[in-house]
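Two complexes, one shared chain (chain A), two partners (chain B, chain C).
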Partner chain A sequence: MPVRDARARQRRAPGRPGTLRTMVASEHFSGWAFVTPGVAIILLFGAVPIVWSAVMSFQRSNLLSPSTPFVGLANYRQLAHDPIVAQAIQHTLIYTALFVPGTMAIGLFLAVAMNRKIRFISFYRTAAYATMAISTISEAIVFIWLFDPSYGVVNYFFSLIGLPQQQFLNSPSQALYVIVVMTIWGWTGFAVVIYLAALQGIPQALLEAAAIDGAGPWRTFRRITLPLLSPASLFLSVWLTINALQLFDEVYLSTQGGPLNATTVLVYYLYDQAFQQFNFGFASAIAYFLFLVIIVVTVIQFRVGRRFTHYRS
Partner chain B sequence: MSKHRLRGTLAGPLTVLTVLSAVTLAAAGCGSDAGGSGGGSGPIQIWEGWTGAEAKAFAHLVAEYQAEHPGQKVSTLYVNNDNTLQKVLTAVRGGSPPDIAYLYGSWAPNVAQIPQVVNLTQVVSQSGVNWTDFWTGERDVATVNGKVIGVPALVDNLAVVYNKTLFAKAGLAPPGPDWTWQQFEADAQKLTNAAIKQYGTAYVTPGTEDTVWHWEALLWEAGGQLLSADGKQAAFDSPAGLASLDTLRAMAVTDKSMYLDPTDSAYANLFNSGKIGMLVTGPWDLSGFPNVHYGVQVMPSYPGTNGGHQTISGPDNWVVFNNGSARVSAAEQFILWLTAPAQVRYFSLQTGDLPIRQSVAQGSLSNQMNTALPGVATFVANLGNVRQARPQIPQYPKISQILGTMVVSVLLGKSQPQAALASAAQQVNQVLAAG
Partner chain C sequence: MTATSAPARGGIRPASHEGAPRAPRRRRRLPFSPWHLVLIPASLVLLFPFAWLLVTSVETPGEALRFPPVLTPHVLRFANYPDALATAPFVRFFVNSAVVAVTTVLCNLVLCSLAGYAFARFRFLGRTALFAVIMATLMVPFQVTMIPQFIITKWLGVHVLAAVGIDHIGALILPNAATAFGIFFLRQFFKTLPMEYEESARVDGASRLTVLIRIVLPLATPALATLAALTFLDSWNNFLWPLIAITSTDQMTLPLGLATFQGAHSTEWTLLMAGNVMSLVPMLAVFFLAQRYFVRSVAATGLAGT
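What follows is the complex of A and B.
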């Protein structure tokens, strides 16, 4: 076998190095030939817009008139002075701080509850994941009615247990929290699936050993299960944080940033500036600011997460 | 990472870039070819967003036009109206705008800035077009700085739709054509019953233009104006502005007779479920009220002012883009035919949309339309109550945002009308001064 290989190599080798034929014959070339259409499409529809919006963030551009004067850092300076940007940042941070841990905690709880052999378990698992399959628009409509101040089921239950009636989406101090609840509901299924998969990767032997050593269920969970779930937790925290910082659909569908900007988050404000106000330059600056925030947050998450993450099981 | 690896990764993208430039060049070649052949004849491209009955009626008219005009081909492309401007902007940048696009009237001042938009001032002043036959509100919105940038495509207006059953139950007489906001307020209060969660009226509170134009109608009825005549100053911080916001505050905060809808969509379902007595809305909502026995009345007035029962209208336009003179004239010819009386009449009868021409609205048409869609005749007649348009300036979207916040803060009881007016007027003046 090795002999034949060597001979074959010899036979292929002759041609002068650098000729067109060797280039075409090389694996390198055929590899690139195969991926070029895909790469071209990605560059055209991914990279070009990214670069273009970077350029736009230094221009005053409304996309309507052809004049797009360069304004240097003016758009970025405006970021610092626009009071709604400050509010949007605050709302985005509050939202992220509640949404990410909330989704992970509920997801973990449900996953642990469903990580056992009980009757109808596949039904429960499917049900938990179903929230991911429901379109955001139906989700938003359902939540709008659940939290309707006059006709909503939530206020009805509040009245049954003697709690005061709330204004929810009509109240500037409550609307953001309704959106937190809405999105946690929508994303919990995702966390459940990730955690369930991770839970099933935990070797039974470790759990049994802990039991033999006299560890109770809570201790086993804290000392064995939770550390072994840490890669899944890191993944979820990064993934959910990126999604949270880009919150848009639910706001657009339910409150359109209102009442009184109470649910205006960064991406919604970006959309508003670009497509309602025609400030494409400023909107691009918001996009790049958000991009920077996401990079910084993700790097921090990985740095901090590494300390608590155990990859070997 | 080793140096070797680094070089390897660098070589990759460079190769790709080279390949890509080749691809781009090839694509550009194809593009100019297509552009070249399309520049002359070929079907004219229309971007429209009709659905349902409107789509059917429009397709029929397009077919009829092509049959009547051999050699004239019209190709239509459905685009959701909300996204048309966005897509047109992209197409303009790519050098391939449609020949005609359906664009919201509220975009007109911004659309006017696109260099490829065809100035139709000469075209609509031809004798056969009868430009003044279009409603005042429509012509105002199609004209930016004296330049006609579109031909009216659709028109509507606001009136009061009320639930006859709820009025009778409350022992109230149905509103008459000479009613006042004071009466509206009193009726709303009597129609409100907290125990069964029934409201006198409703208002949309996302703070968007939908929130704003409902209020603008009240401002005009109170005899007020949004901006000074020269368009350089805010003019709504006035007794009329105060009266309009006081009316809203009385119902939303004091009487709690107004259902506040943060979603801009719930109110219609509630009205159709008999939970709301009166709605200020347009003809587009009527088909969504099959479960209630409703009537339609013109907007109430503020006695003692010159505002009368005027209303606000949100017309949309057909805008023509320049793809060479041959295509422009073909597009103009089609648009003028489409908006001629016979076609307007057909479209209104088929769809229930209000006729965009005054001459068509006269005569038997509105009765015929009213049989299919009760109440629509009042909306047709109400077009005569449209006396003015929103300011046609590029800063309007920004002003609208300030006004939206003002109205919502009053409705939610977060500010007093006078304070809200003063603060909004100051912000609007800043926007206007910035140019």
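What follows is the complex of A and C.
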């Protein structure tokens, strides 16, 4: 049994004292040699910054003064009393509450429609997938133009069906919703891909069995398909929510948080405080607050999701 | 019209009608799947932003600023493209983006394979603790680490190597040259591979590195392709970190260059759209050529979670 010999030799190798050669051949040495380059980068740019920004959130730290005195919980107290933070939280939550279910519903509907062998189906699928290839910046620029209040084509379509002209991104009451629309469009392809993959994993026999038992298409969908899609739905809702809570690119491009802070979301305010005002301490406190929000929301989703999620086998 | 002609066709060839016993209960049958009635408008909505982007990019500046909008331009003004190129160095942005994305992908494939393999197969002192630390960083959003990352990158540029410092594209590569996700993803994949090949190669005297390169990596091609596709997309579309780390035009990547261009020419729509088309086309082309890979990779992240 040569295989067992090899295992035995490998197990013995790490402990064997001896020459430089055996040390280099040891599993300890190889292990560290293999992981060091990758792990060093992750420690330097991932682990160290996590601790550092936690420390910074208890300091008064900005570019103006070289000293960074500890100020206890002052940054977190400022966070609790800052009216813009309260607005940013509200906008972030409203955005997330609209964007996540919206994307999931559209993605599910299109995936169900596209989960069949009909003519032009690859064209339809490609049309949805294409939204995955566009960067958030390109997407935002196109949508700013589509929703331009003076020359935008959306206002033109509105005029065709007799609706009044809108200010869209220039209006404090509409801007956030325009950003919801553009980001849903941008994420449609992703949601379709996830749901299509899950739909194709459903065994045909189950659906046929339901049909034989007399279930109509809607009942089959409600009772068979939807429960079998629940792992994909849970994944999508967690993934989309994490991304929604970190919304930044589209806001930076289209409104810069305006008009009148109407689209100031948490990460935009964090960026503004960190790299426009250079209040590193306060910005770190916002970052940790965002992290907390993400953890809480994710845990809730998994807790609630577990009750509705069916795993096969 | 088409709907009413359907029964007639069914009447001509009743024998070929498969669902004959159930036919009486059915209403008039469309000669095509009714799902087209949903999918055609849906595709139009999904593709319209692309179409409008293209149309505007070949309009004259005067046509673009007209209401109602000119849906079909009278002359195609392709000069917008050279004009945009003369205003901002899009070729440079593209080259920077490509260099950053390709280098980041290659670094990730090498470093994450090495680390992922060691975590999957070797027993070494501190393995569990080290792996736990890496998994912890996986959960933390970038916004938490970006301020210290900025300070560290600045320090590295001043004291160690200018090429990886602030305002150099190296600063966009080094922090992402290995990712916790990549290490975790490949480790999980390596663990599913049968160990026998590796063991017999070791018995035959191959070094651990040789085993990884000659035996394990060829078996892991699908996982490596997935990691490459996801890393490429991430790097190509990244905006926040370049926005923080880069200020000089000649070091900008496409998203940052495009955003800066938009900031400076926010009302010159024809120019903006021409620039936007040029920054979109390379990625769209790669995407269509490798659509299967991208779609499978994105679906894999979803299925891995389920």
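The criterion applied here is as follows: the second predicted complex is superposed on the first by the 280 of 313 C-alpha atoms of A that agree within 3 Å, B and C clash if a C-alpha of one lies under 4 Å from a C-alpha of the other, contacts with A are read in each partner's own complex, and residues count from 1 in each chain.
Going forward, a residue touches a chain if its C-beta (ideal position, glycine included) is under 8 Å from a C-beta of that chain, and two chains touch if they have at least 3 such contacts.
Note that the structure is predicted; figures quoted are calculated from it, not measured.
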Overlay on chain A: chain C relative to chain B, clash or fit: clash
First, second, both or neither for A:Y76, with chain B first and chain C second: neither
Chain B versus chain C, judged by how many residues of chain A each one touches: C
Touched partner set for A:F158, first chain B, second chain C, both or neither: neither
Which superposed partner A:Y177 touches (first chain B, second chain C, both, neither): neither
Touching partner for A:S150 - first (chain B), second (chain C), both, neither: both
Which superposed partner A:L169 touches (first chain B, second chain C, both, neither): first
Touching partner for A:V39 - first (chain B), second (chain C), both, neither: both
Which superposed partner A:F221 touches (first chain B, second chain C, both, neither): neither
Which of chain B and chain C A:G258 touches, first, second, both or neither: first
Touched partner set for A:I50, first chain B, second chain C, both or neither: second
Candidates 60-68, 78-86, 384-392 or 402-410 of chain B: the single one with C-alpha clashes against chain C: 78-86
Common ground on chain A, meaning residues reached by chain C in one complex and by chain B in the other: 32, 39, 43-44, 145, 148, 150-151, 275
Residue numbers on chain A that touch chain C, as the complex places them: 2-3, 5-7, 10, 14, 27-32, 34-35, 37-39, 41-50, 52-53, 56, 110, 113-114, 116, 118-120, 123-124, 126-139, 141-143, 145-146, 148, 150-153, 155-156, 159, 185, 188, 190, 193-194, 196-198, 201, 231-232, 234-236, 238-239, 242, 246, 248-249, 252-253, 267, 270-271, 274-275, 280, 283-284, 287-288, 290-291, 294-295, 311
Residues of chain A touching chain B in the complex: 32, 36, 39-40, 43-44, 62-66, 144-145, 148-151, 169-172, 175, 254-261, 272, 275-278
Chain A-touching residues of chain C, taken from the complex the two chains share: 32-33, 35-36, 38-39, 42-43, 46-47, 49-50, 52-53, 56, 64-69, 71, 111-112, 114-115, 117-119, 122-125, 127, 130, 133-134, 136-137, 139-152, 174-175, 177-180, 182-183, 196, 199-200, 202-203, 208, 233, 236-237, 239-240, 243-244, 254-256, 258-259, 262, 269, 272-273, 276, 279-280, 283-284, 286-288, 291, 294-295, 298-299, 302-303, 305-306
Parts of chain B lying in touch with chain A, wherever the complex brings them together: 15-16, 19-20, 23-24, 86, 89, 93, 110-111, 113-115, 197, 199, 205-208, 259-260, 262-266, 270, 275, 394, 397-398, 401, 404-405, 408-409, 412, 414
